[in-house]
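Once you scroll down, you'll see the structures, which are given as structure tokens.
Presented sequentially are two complexes of subunit A, the first with subunit B as partner and the second with subunit C.
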Partner chain A sequence: MSEKRYVARSTAIASRVLGDETMVMSATDSTLFTLDEVATVIWEAADGATPLEEIVTKKVCAQYDITPEVALKDAEVLVEQLAKHGLLLLSDKPIAQPASLPRETP
Partner chain B sequence: MSSLVEEMVGKALQRGIPLSVQLDLTYRCNERCVHCYLDHHDHGEMTTAEIKDLLDQMADAGVFYLTISGGEIMMRRDFFEILEYARARTFCIKLKTNGILIRKKEADRIVSLGVESVQVSIYSHRPEVHDAITKLPGSLAQSIEAIRRLRAHGIHVIMANVLMVQNVHDYHGVKALAAELGAQFIIDPTITPMMDGDRSILGLNVDEAALREVFQNEALTGNAEEFCAPPQGPDAEALDAVPCSAGHTACYVSPYGDVYPCVQFPLPSGNVRRMKFADIWRDSPQLKEVRSIKLRDMPTCSQCAHGATCTRCPGLAYLEGDMRGPSYQDCEKSYAKTGISSEYLEARKASPQPQRLQLVQIQGLQHAAQNLTARVTESSALGA
Partner chain C sequence: MPGVMAAAQRSDVVVEIGGLPIRLRCDDPAFIRLIIERYAGYVSSSNDTGFEFDIELAPPGAEPRDEDVRVTWDSGRWLMERGDFRAEWNPSASRGRIQQTSNPYSLDSVLRIVHTLLLARKGGFLVHASSAIRNGRAFLFPGVSGAGKTTMARLAPPDATLLTDEISYVTRQDDRYFAVGTPFFGELAHAGENLRAPIEALYLLAKGSENKIEPVAGTDAVRGLLGNILFFARDAEFVKLVFDAACDFVSRVPVRRLTFVPDSRVWELIV
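Showing the complex of A and B:
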């Protein structure tokens, strides 16, 4: 990936961290998804302002024993999937968030 | 329940997380349903700021499913402010409302805030029956209009049909109406006691023949032969199973901040005006007691052939005086389902119980502190 990609959590979702996993429900069709530990790290960092590459290097690679290339490839697949279900927004520019952006639990 | 939801509930149970909470915003209502178990006067509801703080606390404690109910939720002028705040904390929200105050503007707002579902009680497809139950002329037409508005936006609407003597034959009509409006239909054949322990409204419950008819209606229960199969008696696994979600992965918070194991289980377990929600959830002696009870600890039900399959509600048992005891209404349902009577049902038929227990659950803040000790002592005595 040469271009920067920005990711932001959709406001049309319900979500909660449950231990080291995250439950995410699409408010449009009530489909429930669970994100594992690594996906949760990416999910929580998806603020629309931080490029995906930076999330992967600073959050994922800093915590897990994985090379940036492999992590970024996996992250790309993950965010594409989440975007397909309307849970994440993807853009090559920073994504402005509404005032009522869903806040995550610590 | 989907297997993924079951898996998440299992994880919440293991980790002691209150995955689901029902929060009643008010007991005030614009209808006066004949079977309603609430005192509609405002005894000091939580303020907007208190509710927002509670929502923060609940999100931090791991609450995911939030049912916002009442009373009529839209009687609160700050309803949309609360809903917006709750959505910003990413709860999965189900609203329970009669829909009377949902006009176009309100429907648009609900849609834009992305709630998971809206549940509306419809008692009959006939206005003369529905309106006589709600005691509000024109209420059926207004509730249906609200459902249409919400459905037009694709909102998942649940039409809940509570059965009682007045509408016992109308559920077919309500089910057809739900299909016409594209709503999900659910039926509840149980009228529960008032939250203050008054059992007089139990006289509205449908009789056993009507219950049996419902249970054997395959359009409602699936495979009737399986659903109404004779009980096998509880095995070791059933004896150690958690009776229901109340106090385990779910609880209820009243408009006055009182915490109970479930909306139908009015065992006072703490108040969020005096303690943090997470501290009540984790440390309340009452919730700990509820969590400690397995089927094997229930002297009557553990010996009953229906023990493993009965819908026994610990809240109704508590309202009868003993949270480890049987619930008469569930004994009746088990009998209507299978034709096999429990010993307890026979004994109760032979010697009926009093109509009222002295329980005090709903009260204003000004009375709450002085009554807390009394309530705790009282409930311990009842639960012993």
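Showing the complex of A and C:
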């Protein structure tokens, strides 16, 4: 059995759920990404504490007619792509989410 | 003529755009006169200025470098640089300094940047768009260069008041959005009227063989708007503010695609 993988949303992004989709903007290079319905489920569950496999079985497979094996494979591809663009953090250990402090308002 | 003498000797002027007065100081009275002329309609007599900038002009003949604009946050101040200007602005102290050539368009760029930074914290933005008021309501027409911003401005009927043919100023007040006139112009080469009106709709421009309007929603609307918002600062917090501003805007203001033939009939659809 493969090791657990944890996923967490980067703090260097801005995101908004719009209908069934999620729009994500990289705060480092302003690139825009649109996540479809299933990717949105994974995105919203990426809290750094829940293993990807658990997200897939409890969130994705519970809502969509897909086998855990196929869903996990698709999810792995998705999170790798999002991590490549700096939108997600991946780790084999739980990821603590830092709190961000707002800058002084002019 | 006392008025002319006073203007000739002035070393400062207040330019008020979007209700935000900014005092500009310069030792060169000729440059102050140039600013007064360039920002006619936006020069204010207000003494209650939110921010002040000291302008230092480069010696005549100084050649500007060909560089893209860079805006960065560093040690409590914004640094703004391009080949023809270098500016810094400390928002906490409400003061800044601009080193630039005597070309007024350098100052134009600095003012645009400062307003984008200020507006972002209030849910507003500057957007590449022409805009006009008709029947007390404002309409925005964003688009890249060549999309038809100035064309829409030129085709506007007599009962429409032009706010700008190039850079529209969008402010948020509670859950309502307003368009405000700007002195930032494009090919039309004259400033918009210094007026304000609630925004009725935003039309993403596309030239075509017929006039038609289609609704644009969700991620397409955000993408269409964000692609035209002036976005200078590559700063994570600023990017988030602009992103949120665009998402909030499209959730409250109708966004449509306006495909149009460039003649005056297109304005029959804008009511």
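Observations
We take it that the second predicted complex is superposed on the first by the 98 of 106 C-alpha atoms of A that agree within 3 Å, B and C clash if a C-alpha of one lies under 4 Å from a C-alpha of the other, contacts with A are read in each partner's own complex, and residues count from 1 in each chain.
The criterion applied here is as follows: a contact is a pair of C-beta atoms (placed from the backbone, for glycine too) under 8 Å apart; a residue touches a chain by one contact, two chains touch by 3 or more.
Everything numeric in this text was worked out from a predicted model, so none of it was measured.
In the superposition on chain A, no contact is made by A:Gln63 with either subunit B or subunit C. In the superposition on chain A, A:Gln81 makes contact with neither subunit B nor subunit C. Of the two partner chains, subunit B and subunit C are each touched by A:Ala14.
In the superposition on chain A, A:Met25 contacts both subunit B and subunit C.
Within subunit A, the residues touching subunit B in one complex and subunit C in the other are 12-14, 16, 18-19, 21, 23, 25, 27-28, 30, 32, 34, 102-106. Within the complex formed with subunit B, the subunit A residues making contact are 11-19, 21, 23, 25, 27-28, 30, 32, 34, 100-106.
Here subunit B touches subunit A in the complex through residues 2, 4-5, 7-8, 11-12, 15, 17, 19, 59-60, 62-64, 84, 87-93, 114-117, 156, going by the rule given at the top.
Touching subunit A in their complex are the following residues of subunit C: 73, 76, 91-92, 117-118, 121, 217-219, 222-223, 226, 231, 234, 236-237, 239-240, 243-244, 247.
By the touch criterion stated above, subunit A contacts subunit C in their complex at residues 12-14, 16, 18-19, 21, 23, 25-30, 32, 34, 102-106.
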